[in-house]
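The same chain A turns up in both complexes below, where it pairs with chain B and then with chain C.
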Partner chain A sequence: MKKLFVPLTVLTALMFMYAPVMIANAPYEATMGLVQKIFYFHVPAWMAMFTAVFVCGIASALSLFRGTPAADRVAAAAGELTVLFGSIGLVTGPLWARKAWGVWWQWDARLTMALLLELIFIAYLLVRKYGGPGSDKLAAAMAIFGMANVPFVYVSVNIWRTIHPLTTVVPTLGDKMGPRALAAFWFSALSFMLLFVLLLTMRVQLDERRAELDRLYLEEEE
Partner chain B sequence: MFLRVALLVLRKDFAIEVRSREILYTTLFFALSCVLIFAFAFVKEGKPLEDAAAGILWIAIAFAGTLALGRTFERERYGETLRALLLAPAPRPAIYVGKLLGIVLLLVVAEALLVPLIALLFQAALFTYPLLLIGLLLTGTVGFCAVGTLFAAMLVRARTRDVMLPILLYPITVPVIIAGVRGTSALLQPAPDEAVATMWIALLVCFDVVFVTLALWTFEPLMTE
Partner chain C sequence: MVMRRVLIAICSMVLLAAQVLAFQPSAGQGEFVRIDQLPPADQLRAAPLLIAAYAFVWAVLMFYLWSIWRRLGKVELDMRSLEQRTANRNRAR
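Moving on to the complex of A and B:
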């Protein structure tokens, strides 16, 4: 991963620069027009967030049952990224809703559950920071429980009456709006995933160095 | 063995509670104060707002539940008995189940008082579908306490436990509160909707199964120092 880090950073930067071109070239959606373009940003952000939730949950389970410090570091990094990508989703969503629904926020099942997931992971970060000794286990349990909440969030849109666009928007995108829209969407999604991987690696490396520094410091004192 | 240990833990908690009745009385009084405070917020010109009763009922349960959870484990910490409990040659998940049963029982007693009170004070027809209401209350309470017992047990050693318990517990258990409130208010409509209430009970059962399993699964590693 260390060798790949620089080329991947360059690639991700290039993709993020080229993505607006693809999004601009994608056809307009029939009813919503320009507003729909935020979809290329909003959905990939949530996809990255859900990936982060699962990485955090699985890494937490590993650190809890195996006690590996590396898994704990990955979980901490993924927890922060969950909040980051979740915030992007929570900011872009209302921007779209203002134009499409006429209100910034709607107390709809899906929106509420997304906000909830964000809150769970903010609580996760709070425990990590202020929980005191032994808080890493507590945080791990929080992450596992947060991950278990995801099915309730994901299924919510398809069972309950909701005004949020269904998750089937993505697979049927090509039929409705042509291959260029589909390409732009997956390009954006891939860019976000790469960004997620990069940030995760960076954060884990930072923590590794911090741990190494602490170790050296203690050694020096002795 | 498993069930016997769980029942023993429950009996121990029950015996202590019967002697002092501290948690029961404080929780009940706290729940009453909650109802009173919400009454000031949601009663307008002598008439409660629509759906207020369902919301007040569930918020009172959640708040009183948090208090009871905190107190139960505070007692273990104060008597320094949690370590002894964990050292006992018994399966750890059984200890969790015993504690969970104790808190669920306590909250059921609190609910038995809250429901008639709210029905009386807010003119809510809570008794038209007693079975559905009992189903909602029971599944909801189990879900709330399943998460709460685990977190309260873990927080015993943390310095910031008083503030951390609600911070951790509420976001995770909001699905329970949503399901409880929506299900109860479906029963309180002028034309009660049984199908909606049943759907929410089904969701609560799923929630209970998932979170009780997770708690049983994680209790052992979490309580190991």
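Moving on to the complex of A and C:
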């Protein structure tokens, strides 16, 4: 991963610079017009958030049942990234909704569940930071429950009557909006996924250095 | 018998007319509407919202990168000062 880090960073930066060009070239949606273009980074941010939740949940399960310190470091890093990408989704969504729905926020099933998922992971970070001894185990359990919440958030728009667009929007994007819209969306989604991998690597490296520092302090005391 | 046929013909015409009227295009615009008379959601300009969303994404990502860089810098600083302390102690011995 260390050898790939620099080329991946350059590639991600280039993709993030080119993504707005592709989004600008994508066709306008008939009813929403320009504001629909928020979709091209709102949905990829949620995709990165859901990936972060799964990474955090699986790493937490490994840390809880096998006591692997490396898994705990990955869980902590993914927990932070969950909150980061979730905040992007929760801010860009209302900016789109203000124009599309006429309101900033609606307490419908999808929006409320997404907010709760974000709050679960903010609580996860707070428990890890201020929970005292043993809080990593409690936090790991919270991450597993947070992960179990993700499928419900995803299908909520299909189960309950909400004003949020359905999950069919992405699979039918190419048919309805054309190949340029489809290419812009997946290009943006790939950029966000690469960014997630890079940030996760950097954040895990930070915790590894902290663990190394703790080990050196212990050695010095002895 | 003739009366019955006439009634059927009239009913058929009325029913057909209803169908034809239902498929008529809506009336053309008879007057202009000023933009400030539109509903509030339609008056809202999309560009500031799109720019705000895009700027927020960049701002949050830059802030997070800066926070990792700062935390990593602090750990490296602690590590260097610890190494120096250990080296000084070894020299004193």
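The rule is simple: the second predicted complex is superposed on the first by the 222 of 222 C-alpha atoms of A that agree within 3 Å, B and C clash if a C-alpha of one lies under 4 Å from a C-alpha of the other, contacts with A are read in each partner's own complex, and residues count from 1 in each chain.
Keep in mind that, in the parts below, a contact is a pair of C-beta atoms (placed from the backbone, for glycine too) under 8 Å apart; a residue touches a chain by one contact, two chains touch by 3 or more.
Remember, it's a predicted structure, so these values are computed and weren't measured experimentally.
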| item | value |
| --- | --- |
| Combined model on chain A: chain C and chain B, fit or clash | fit |
| Where the C-alpha centre of chain A sits as vertex, the angle toward chain B and chain C in the overlay (nearest 10 degrees) | 100 |
| Partner chain(s) touched by A:K99 [first = chain B, second = chain C, both, neither] | second |
| Which of chain B and chain C A:R215 touches, first, second, both or neither | neither |
| Partner chain in contact with A:A148 - chain B first, chain C second, else both or neither | first |
| Residues of chain A touched, compared between chain B and chain C (which is higher) | C |
| Chain B versus chain C as contact partner of A:L64, first or second or both or neither | first |
| Touching partner for A:K129 - first (chain B), second (chain C), both, neither | neither |
| Which superposed partner A:V35 touches (first chain B, second chain C, both, neither) | second |
| Chain B versus chain C - smallest C-alpha distance in the overlay, whole Å | 24 |
| Touching both chain C and chain B, counted on chain A across the two superposed complexes | none |
| Chain A - residues contacting chain B, complex | 64-65, 112-113, 116, 119-120, 123, 126-127, 130-135, 137-138, 141-142, 144-146, 148-149, 151-152 |
| Of chain B, residues touching chain A in the complex | 147, 150-151, 154-155, 157-160, 164, 167-168, 171-172, 174-175, 178, 203, 206-207, 210-211, 214, 218, 221-222, 225 |
| Residue ranges of chain A touching chain C (in the complex, touch as defined) | 20, 32-35, 37-38, 41-42, 45, 84, 87-88, 91-92, 95-96, 98-99, 101-102, 195, 199, 202-203, 205-206, 209-210, 212-213, 216-217, 220 |
| Residues of chain C defined as touching chain A within the complex | 39-41, 44, 46-47, 49-50, 52-54, 56-57, 60-61, 64-65, 68, 71-72, 75-76, 78-79, 82-83, 85-86 |
